[in-house]
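Multiple structures are listed underneath, in structure tokens.
Next come two complexes built around chain A: one with chain B, the other with chain C.
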Partner chain A sequence: MADYHQMWEDLGMDIETHDQLCEVLPQAFGDVYLSQENRPEGMDYFNFVVAEIHGVRPAELIEHQKKGGKVFGTFCVYVPDEIVFAADAIATGLCGGSQFWVPGGEKVLPTNTCPLIKASVGARLDRTCPFFRIADMYVGETTCDGKKKAWEILAEDVPVHVMDLPQMKREKDVQAWADEIRTFKEVVEKETGNTVTAQSLHEAILLINKKRKALSRLYDLRKNEKLPISGKDALLISQIAFYDDPTRFAEMTNKLCDELDQRVKDGVSVFPAGTKRIMLTGTPLAIPNWKLHNLVETSGGAVVCEEMCTGTRYFERLVDEAEGTVDEQIDHIAERYMGINCACFTPNSARVDDILRLAKEYHVDGVIDVNLKFCSLYDCEGYHVEKALKEAGIPVLGIETDYTDSDAQQLRTRISAFIEMLNN
Partner chain B sequence: MPMEQEIQYYVLFPNHDNGMRLHRELKKKGLSSVIAPTPRQASKCCGISLLIKEEETDAVKDVIEEADIETLGIAQIKKDVNPNRDRYC
Partner chain C sequence: MNYVGIDIGSTASKVVVRGDHDTSFVLPTGWSSKETTREIQRRLKEMGADVEGEETKVVATGYGRIAVDFADYVITEITCHARGGREIAGGDCAVIDVGGQDTKVILVEHGMVSDFLMNDKCSAGTGKFLEIMANRLGVAIDELFDLASQGNVLPISSLCTVFAESEVINYIGEGQKREDIAAGVVDSVAAKVAQLAQRKTLPERIILTGGLSHSTYFTDILSKKIGKTVEPTENGRFAGAIGASYLAEEKKKR
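Right, the complex of A and B next:
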């Protein structure tokens, strides 16, 4: 148990308040993760990352800064990490998945803002997240109204660059996004003092694709009838992908997948035969938001897939790896990222297609449509999602929740009843 | 009579390097260890500890000595793991 107090103090953190998070994390992690039987050994690496989450990786980022490197904090799967790494900088996710940070956000944001935004702003303003303290610049986007206003508040404190994400998917919108990525490249080049070259961008594309391939391999293993890994373990890996060094992350995820391949060969499953296969779809589950997975997996279900930003939206489809000029490669990046189907687009029927396809690929028995409270985009889109699933004969349960524990018992009852219904 | 509560054994470290080293050494020797966040009852610091088996504590102590790994001892804590507690963070 390393002592990071000096580092946190140097970062200007509120150590006393931050300590409240340190206090509750071990028990929550123990209840959700260490209670599992027959976990893959390869999960030890991810246990390590969680145990040291505000220590080891922040220390690495600080070391990078000491050598003159820059760190960009990002909030969304549309922000292309490739540009950041191509300029010898590091992109990292920021804090936003715990109720611990929400009251801090409510000091400046309306209560009826989604918990992810409130937690992110609270983590920064209350000085209780090392990643928010370390990042030289935050990169926002226009994926929802709440975020757009949050950037303005954060920008009072730290440099923020906002990427204007188109809200439709016509050819001109893809081109507009490519132009927005070009502007982002200029911002990153100015901040770092480094030039993004055709070579460095090509290498960065390969680097981030490696991470996508590792996650894709992990998810493919969840398509097996016998599940070699639990949904909550897979979620943890997806969550850590946003923070970890991409090379190390891909290596450790592939190592785990080697072990899981063997489990599949040996017919090992972490769930009893007949456990109902559940897919979650909807809003993201940022670390340490493990509530829904834990509820499902302690109520007779197994989460086999997440159609979420902390799931398939993050890694499906690669950026074209063909070498070319910087401009050509940026076009490839824009095409890949505009293929993500977020509820901020209209129309967004491709997301419904994704859900139906994934339900088939992962042999899903039922879908839970999850909405973080006050996310009107995903909430409204639930109409089409649930209608399409019903038409396809796939049972669906719509759930609205936040980061508090107060609805856990009620959710457990509803989820148990849903899974019980799947058995009939 | 209530059942006696199970005790868990956690090896504590001054830093993660020693913890990861011991984890590797134990694996080589076929001894079990799970990397875990340090339980609050064991220490107020954040960071890793190693959860080991009761019957292997003596063997683990031998490895610590042989490999010259710096630890802060082995904490014994009453097992308190409940996946239905529904207290998240």
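Right, the complex of A and C next:
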């Protein structure tokens, strides 16, 4: 990585502690990613983005701020990026995916809070992530109890706007979410000093849809019998989607997909024939959480799909691109986002339908239902997920884990045994 | 031919040989799986089974399976226990294995694993829990069961081994009878194992394997809690190694 120490210092970061993180990341990335065989050349761009993770993109965001632009930090796939980009601001995902930040979060949060929340709070309070320093405003949501209380703690240190996400999906809830988006628009307009116009909102919808289409194209390629790309690589791209420049991201992902199209034509696969196809369902895998993909893909399996926020929940279905007034377009946005199926909703049977549909589309041999420790919503919903999969005759393994490596060997035993079971 | 199954558990290592030689032995795993593996190799050679020779096929399993560098195949303990359980039960069944480090429930259908469940990281409901509590009471594990059979259950409610140990210490401080504390300890393990097992739809036939497999006292408690008969097994601690030796033979045929 180039030297960004001056920039980090200017951001008021804890340089010494942050250096420790910078030291371990290349090793982890090398072990998990660069050791793979026959990777597509198009991954070079994404390798570069990770190698410079706390340098290149933060520098771009600061450049944007120098020109008077604002940066909004988000934590959830329900927060509509369209509004932010329509006000000439930039949205960037902030979810923490490393154990490195967890102890910082545990200083203020109960230990039995999910690692994603603890890591996110720790990254801010310990001043060890440039993205968390750069964001002018954080946008929270009411998706779970842990997050709701975490926003209150973060708000002592940084401006936070919280969006009130409904927990049911009746027509009045969709309207309520549209109203929340209108309020959010006003907050963004006030913060940026820019107005969201019918024209700018339309362009932002097209922009974010382009990113969705690129991801959708990538995931479609994973439906092939011969897999042109590993699950690990696809996960990395999904993770990068949250904070990269959307235009460039879509362009580079499409370029990679051109290469993958050729691989499919040539019958190239990165896995030996007969490798079992695994879908992961459940809680998100924020960067740099590659633990489960690595375990599956070094135990004789291939991850072909993630029914996760870092996966299909992020890109499936587009916002209606029809032109119209700001209000009409916000209704379209609300409709698209309320179609995401998160365990924070009740009832949430549409998520089970999604999982069964995806299992078919991706020709899945088995499902691993993943729960981040202390996420009671996805944990409870696991009951319905497992039941439905069993009824459909699809083997399922439930796993609960956190960001530490202390359970890696036990998980390897379970995952290997699951794959042995599928091979019988 | 010799078909050797080696199960390197966290506490004990079990070896089963079938074919030209028919034998089994067990030794403590100790602090080094590598050294245990060397010792096993030496003992096998003594009886005429050269693990590096063409006439011997080896499947390694258990938590230390990677240490067995001369194994022809490395297979998880889930698959091996299922295969061994099928051999011991004589057909389809559920295998409840209480091991030194983890507890597993494995469903065997059509001779294969159809589903399984393992306890989480926590050691409550495993042999480790019993080991710690027996130490605390100053007895060996077998004695713990003898004591327990003479006592009335004192409830141990904590889900965590460390906190449960504090409960035991409190009981000792209060001057409660050792028999009653021991009964509480065994009951607590059985309750946790039963809780895990009941997450699955269990078949009629259920067998117990692992270090406690011969204890009818334990299977009686377990049966009551599960509401179905759990059968004790004489050589249940060898289930993984037996399964591994059969898989060594079957893998070869493929």
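The working rule: the second predicted complex is superposed on the first by the 422 of 424 C-alpha atoms of A that agree within 3 Å, B and C clash if a C-alpha of one lies under 4 Å from a C-alpha of the other, contacts with A are read in each partner's own complex, and residues count from 1 in each chain.
The definition used in the following text is that a contact is a pair of C-beta atoms (placed from the backbone, for glycine too) under 8 Å apart; a residue touches a chain by one contact, two chains touch by 3 or more.
Here the structure is a predicted model, which is why all the values come from computation and not from measurement.
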{"item": "Combined model on chain A: chain C and chain B, fit or clash", "value": "fit"}
{"item": "Chain B versus chain C as contact partner of A:F184, first or second or both or neither", "value": "neither"}
{"item": "Which superposed partner A:D3 touches (first chain B, second chain C, both, neither)", "value": "first"}
{"item": "Contacts of A:W151 with chain B and chain C, given as first, second, both or neither", "value": "neither"}
{"item": "Partner chain in contact with A:G30 - chain B first, chain C second, else both or neither", "value": "first"}
{"item": "First (chain B), second (chain C), both or neither touched by A:Q409", "value": "both"}
{"item": "Included angle at chain A between vectors to chain C and chain B, based on C-alpha centres and rounded to the nearest 10 degrees", "value": "90"}
{"item": "Chain B versus chain C as contact partner of A:F72, first or second or both or neither", "value": "neither"}
{"item": "First, second, both or neither for A:V56, with chain B first and chain C second", "value": "first"}
{"item": "Which of chain B and chain C A:N424 touches, first, second, both or neither", "value": "second"}
{"item": "Smallest separation in angstrom, by C-alpha atoms, between chain B and chain C in the superposition", "value": "11"}
{"item": "Contact residues of chain A, present in both the chain B and the chain C interface", "value": "409"}
{"item": "Sites on chain C touched by chain A in the complex", "value": "63, 75-79, 102, 112-116, 118, 120-121"}
{"item": "Residue ranges of chain B touching chain A (in the complex, touch as defined)", "value": "12-16, 20, 23, 34-40, 42-49, 51, 72, 80-89"}
{"item": "Chain B-facing residues of chain A, complex", "value": "1-4, 19, 21-32, 34-35, 44-45, 47-48, 50-52, 54-56, 98-100, 288-291, 294-295, 298, 403, 405, 408-409, 412"}
{"item": "Interfacial residue positions of chain A with respect to chain C in the complex", "value": "395, 400, 406-407, 409-410, 413-414, 416-418, 420-421, 424"}
